[in-house]
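The following pair of complexes shares a single chain, chain A, combined with chain B in the former and chain C in the latter.
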Partner chain A sequence: MSGFHTNSKVIGWVEQRLPIFSFLHHSAVEYPTPKNLNYWWNFGSLAGFQLVVMILSGIFLAANYTAHTSLAFDSVERIMRDVNYGWFMRYLHANGASMFFLLVYTHMLRGLYYGSYKAPRELLWWLGVVIYLCMMGTAFMGYVLPWGQMSFWGATVITNLFSAFPVVGKFIVTWLWGGFAVDNPTLNRFYAFHYLLPFVIYALMVVHLWALHTVKSNNPLGIDVKTPQDTIPFHPYFTIKDLFGIGVFLMIYMAFVFWAPNFFGEPDNYIKANPMVTPPHIVPEWYFLPFYAILRAFTMDLWIIPAKLQGVVAMFSAIIVLLFLPWLDTSKVRSAAFRPIYKQLFWVFVADCVVLGYCGGKPPEGNLVMIGQLATAYYFLHFLVILPIVGKIEKTRPLPASISSAVLKPMEKA
Partner chain B sequence: MRKLILTVLAALSVAGVSQTALAHEGPALQKPGFSFEGVFGHYDQAALKRGFQVFHEVCSNCHGMRLVAYRNLKEIGLTEDEAKAVAAERQIQDGPNDEGAMFMRPGRLSDHYIPPFANDNAARANNNGALPPDLSLIAKAREGGPNYVYSLLLGFDEAAPEGHTVPDGMFYNAYFPGGNIGMPPQIMDDLVTYADGTKATKEQLAHDVVSLLNWAAEPELDARKTLGLHVMIFLTVLTALFYALKVQIWKDVH
Partner chain C sequence: MAEPASHAQPGGDGQTRRDFLLQATTAVGVVGTCLSLWPFIDSMNPAADTLALSTTDVDLSSVKVGQSITVVWQGKPVFVRHRTPDEIAAAAKDDGETMRDPQKDADRVKKAEWLVLIGVCTHLGCIPGGQKPGDSRGDFGGWMCPCHGSHYDTSGRIRKGPAPANLAVPPYTFTSASTIRIG
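Right after this comes the complex of A and B.
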C-alpha cells in the first residue's frame, strides 16, 4: 500500500485509524492489470454493476409489494399502474434478471475459453460457481413473487423435484412449502430468501474480488504476468474501459426495458395464479432451460432408481461438475488461443448448451426427446471424458515469452 | 468490438428462439397494425375512446376490467364528468354504514371498473358454464398479445373443419386453443354507433376495442416509449463520450 499519499488532515486522520483510503487506492487505482485484456473482460464488472441495479430496483419494489397469495398479483399491478415510475422499476428488475444471467453466462464462458479456472485461480472459480448457484436460487424465488400462473406452477414443479429423493423426499417438499401445497407460507419464505440472497451474493462478490486481487486477472494469452511492463494500473485504464462497457450494456438493457419489456417473460404470468388450472406448457425462464432439458432427458426407470431421481441428480451434477473443472481439464495451457483442439471443443460445448436450451423450451415430443438426451450426454462427456483426455494428447501452440512481447506482435484474436 | 456486439445479439436471438418456441398453435394471427407498435408507437386517443365505447356497451356485459379505475378513463380522453357518469351507471356494495349495514351506492371515480357479476360462480351460471375472463391484462396474457385478441374477435367466420365437433352452446374459433370457445361471435358491422361518427365496420370495432384493451394492460406505454427515447439519446451521447475518453486514455498503451 505504498502508492497512497494525502495532504488532507481529515483523510490522514481517518487513514491512521482505518486504512480505507489506501485500501481503495491499492485495489481500485493501482491494481496492476494485464494490458492485453480484451472486451470479454468487461463482463465481470458489468455483472457487479448489474447486481447493484437489481438490489436497488428490488428495494423500491419491495417497498410496494405484498407477499400474500391473495394480494401479491394485484400489488404488482398496483406497482405497474399507480406507483410513480413503478412500471420502470419492475421492468428494470424483471429484464435485469435476464440481463444479469446473460452477463454472468458470458463471464463464465470467458473463463472457460481462456482457462481462467486453472491454478492459481481455482478458489476464484469456486466462488464464482457459488455465486451462480445463489443467483439461480434468487432468480427462481423472485419469479414466484408476482404470483402469476407460471410463478405458481414453476414453484410447484421445481419444489416437487425434491420429492424424487427416496424416503426423505416427501418430507423435504413439505418442509420447503411450509404446508402441503405451494401456498402462502411458501410465498412468504420465498420473499424472505429472495430479499436475503442478493446480499449473500454481494458478500460473495467481495470475496470473489478479494481472491481475484490476490491471484490477479488472467488474460487472453493465459500466461502469467512476468514484468511490470506487462501490466497497467486499473485506474484510469480499466475504469474508463468498464464505464464504456456499462454504457453499451445499458443501451441494450434499456432497449428491452422501454421497447420490449415482456420479451423474456411468459404471457401466462399475467394470469393470476390458479391452483385449479394447469398451464399447457410449464417452462422456466430462459436461463434455466438447459438444466430443464437435462432434468427431462431421463425417461427410463433403472432398477430402483426412478427416471425423475436420475434427472434431478443429473441436473444438480451439471452445476456441481463445474467445481471439479480445474482438475478435469488436464492441460497446463490456459488460453484456448494456444489449444487448437480445445478451441473447437469450446464452441461445440457452447452449441451443445444452446441445443439444450432449445430442447428445454419446447414440449418434450418427437425427435426433441432424443436430441435433448444426446445433448445431455455430450454435456457430461465434455467435462468428464473429453477435457481430461484432450489435455493430455493435445499439441499446444508455443506460448509467447511474455505479455508485452506478444502485444508487440500481431495478437491472436479470440 | 463489433464481434462482441454481434455475439451479444446472437445470444439474445437464441433467447428469443426459446420464447417463440412456445408460440400458439392454430392459424397465423391477423396483424392489422396498431398505432402503439414500434419504437415510436403511441396510443391513438380517438381509437381508445371508441374502443372504450365498444367495451362499455358490449364487452362489459360479461367481462370485467377490474384493474382499471374510473379515474383512469380521463387518460383516454373522457372528461371528468363523463368518467363520473360512466362510474355511476353501476352499483357497488359499500359499508358498513353507521348503523352497521352494508348498502349499495353508485360507482365513483376512485372505484375500479365494477364487474358485471358478483363472483366467478355467478359469471359461470350466466354464461352456460363458461367463465368470461377479466380483460384488464388480456392483451399481455396471451401469446401474440393484441394481434391474438384481434384475430380471435374476428375469427368466428370459418366453419369447423370436417370431423371437428363443436359442443352445444359453444362456437368454433380457429384461433382459440382447442377451437371451441364459449363466447358467441360479438363483433358485427354497426354493433355500436360511434359518437365520433366513424363507420363501425367489423375491422374498425375489433381494432378499436383491442387498442383499448392494450391500454388497459399497458397504460404506461406512452410514457414508457417517450422516456425510452430520451434515455437512449442520453446513453448514446454518454457512451460516445466514454469511448472517446477510452481511446484518448489508451492511446499510449501497446
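Right after this comes the complex of A and C.
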C-alpha cells in the first residue's frame, strides 16, 4: 500500500482513522494487471456492473410490486402501463437477467479456456461457482414473481424436483411451498428471498475480488507474472477499457430493452397463473435450458433408482462437477493457447452445451430424446474422463519465458 | 497461557477443569444454536390457516355416467370421474399387467363407479389432460400429462412415461349416497 500519498488534510484525517483511500488506491488504481489481457477479461467487470443494474431496477420495481397471488399479476401490469417509466424498470430487469447470465456464462467460459481455475485460483473459481448457484436461485424465484402461467408452472415443476428424493422428498416440497401446492405462501417467501439473494451475491462478489486481488489475474498466456514489466497499473488502462466494455454492452442490452423487450420472454407469462390449467409446453428461461435437458435425459429406472431421481441428481451434479474441475484437469499448462488438443475439446464442449440448450427448449420427442441423452453423456465425459486423460497425454506447446517477452516479440519482428 | 500443573485433574492427562468447562459450554452453545434454528425452518411449513383449508365437500348427484368434474382441494385439482362400466372393466382387467406402481383397481376406489384422484402428475406436478371431452386421454383411456408424456389408465395408474407413481387417491369418505368429503 506504499503508492498512496495525499496532500489533502481531509483525506489524511479520514485515512488515519479508516484507511479507505489507500485501500481503493491499492486495489483499483495501482493493482498490477497483466499487460496482455484481451477483451474476454472485460466480462467480470461487466457482470459486476449488471449486478448493480439488477439491484437498482429491482428496488424500484419492488416499490410498486405486490407479492400476493390475487394482486401480483395486476401489479406488474400496473407497473407496465401506469407507473412512470415502470415499463422501463421492468424491461431493464427482465432483459437484464438474460444479459446477466450471458455475461456470466462468457466469464465462466473464459475461465475454462484459459485455465483460470487452476492453482492458485481454485478458491476464486469456487466462489464464482457459488455466485452462479445463487444467481440461478435468484433468477428462478424472480421469474415466479409476475405470477403468469410460466411463473406458476415453472415453479411447480422445479420445486417438484425435490420430491424425487426418497422419504424426505415430499416433506421438502411441502416445506418449500408452505402449503400443498405452489400458492400464496410460496410467492411471499420467493419474494423475500429474491430480494435477499442479490445482496448475498454482492457480498460473495467482494470476497471473489478479494481472492482475485490476492492471487492476481490470470492472462491469455496462462503463465505467471514474473517481473513488474509484465504488468501495467489498473488505472487508467483497465478502468478505461472496462468503461469502454460497458458502453458496448449497454448498446446491446438497450437494443433489447427498447426494440425487442419480449425477445427472451414467453407469451404464456402474460396470462395470469391458473393452478387448474397446465400450458401445453413448459419451458424454463433460456439460461436454464441445458440443465433442463440433462434433467430430462434420464428416462429409464435403474434397479431401485427411479428415472426422476437420476435426472435430478445429474442436473445438480452438472454444476457440482465444476467445483472439482481444478483437480479433474490434470494439465499443468493453463491456457488453451498452448494446448492443441484441449483447445479443440473446449469448442466441442461449448457446442455440446448449445445442443443441450436446444434439446431443453423442445418437447422431448423423436430424435431429440437421444440427442439430449448423448449430449448429456458427453457433458459428463468431458469433465470426468476426457479432461483427466488429455491433461496427461497431450503434448503442449512451449510456453513463452514471460508475458513481456511474448508481448514484445511480435513488435521486434515488425 | 499455560495452566499451573497443580490445577490439572488427577489422572486427567493434563486436562484442566477450565478445559472441561470450555468444551461443555461450547457443546451446549452449539447444540442450542442448532435447536434455535428450528423455529425459523418450521415457520416455512404450512401454517394453521393453510392446514385448515384441508377438507372439501363435493356433490356428485349432477355428475352423469362418463362425466368428470375437477374440484379444488388444498389448492390442488381433484379429479372425480363417474366411470362407465367399460372403464371399470378395463381397469379391473389390467390388474394383472406389469406396472411401475402395481395396485389393484379395487384398492383405489370406494365405489367402483366413482374414481377420485389428485389431478397432479406424479412426475413433476403438471395437470394431466383427460377431464374435458376434447382432451387426449392417452394410450390407456385415462389421462395423459402434456408436460413429459405420462399416460394413466382408467384407474389413474401410471402405464407409460416418466412418472414414477399412480395418480394419488386423496383421503375421502362418502358422507351420503351422493356426496363425498375430501380430506
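Just so we're on the same page, the second predicted complex is superposed on the first by the 409 of 414 C-alpha atoms of A that agree within 3 Å, B and C clash if a C-alpha of one lies under 4 Å from a C-alpha of the other, contacts with A are read in each partner's own complex, and residues count from 1 in each chain.
FYI, contacts are C-beta pairs under 8 Å (C-beta built on N, C-alpha and C of every residue); 3 or more make two chains touch, one makes a residue touch a chain.
The shown structure was predicted, so the numbers you read here are calculated from the model rather than taken from an experiment.
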{"item": "Superposition on chain A - do chain B and chain C clash or fit", "value": "fit"}
{"item": "First, second, both or neither for A:Phe23, with chain B first and chain C second", "value": "neither"}
{"item": "Touched partner set for A:Pro236, first chain B, second chain C, both or neither", "value": "first"}
{"item": "First, second, both or neither for A:Phe258, with chain B first and chain C second", "value": "first"}
{"item": "Partner chain in contact with A:Trp13 - chain B first, chain C second, else both or neither", "value": "neither"}
{"item": "Chain C versus chain B, contacts on chain A by residue", "value": "B"}
{"item": "Which superposed partner A:Trp210 touches (first chain B, second chain C, both, neither)", "value": "neither"}
{"item": "First (chain B), second (chain C), both or neither touched by A:Thr156", "value": "second"}
{"item": "Chain B versus chain C as contact partner of A:Val277, first or second or both or neither", "value": "second"}
{"item": "Partner chain in contact with A:Gly179 - chain B first, chain C second, else both or neither", "value": "second"}
{"item": "Shortest CA-CA distance between chain B and chain C [superposed frame, angstrom]", "value": "9"}
{"item": "Shared contact residues on chain A - chain B and chain C", "value": "280-281"}
{"item": "Residues of chain C defined as touching chain A within the complex", "value": "41, 44-47, 50, 70, 72, 74-77, 100, 120, 123-127, 145-149, 162-164"}
{"item": "Touching residues (chain side chain A, partner chain C) in the complex", "value": "153, 156-157, 159-161, 174-181, 183, 185, 189, 275-278, 280-282, 296, 299, 301, 306-308, 364"}
{"item": "Touch list for chain A against partner chain B, complex", "value": "35, 39-40, 74, 77, 80-81, 87-88, 91, 98, 102, 105-106, 232, 236-237, 240-241, 243-244, 247-248, 250-252, 254-255, 257-259, 261-264, 266-268, 270-271, 280-281, 283, 286, 289, 354, 357-358, 360-362, 407-408"}
{"item": "Interface residues, chain B side, partner chain A - complex", "value": "1, 4-5, 8, 11-12, 14-19, 21-22, 39, 67, 72, 136-137, 140-143, 145, 177, 217, 219-220, 223-225, 227-229, 231-232, 235-236, 238-239, 242-243, 245-246, 249-250, 253-254"}
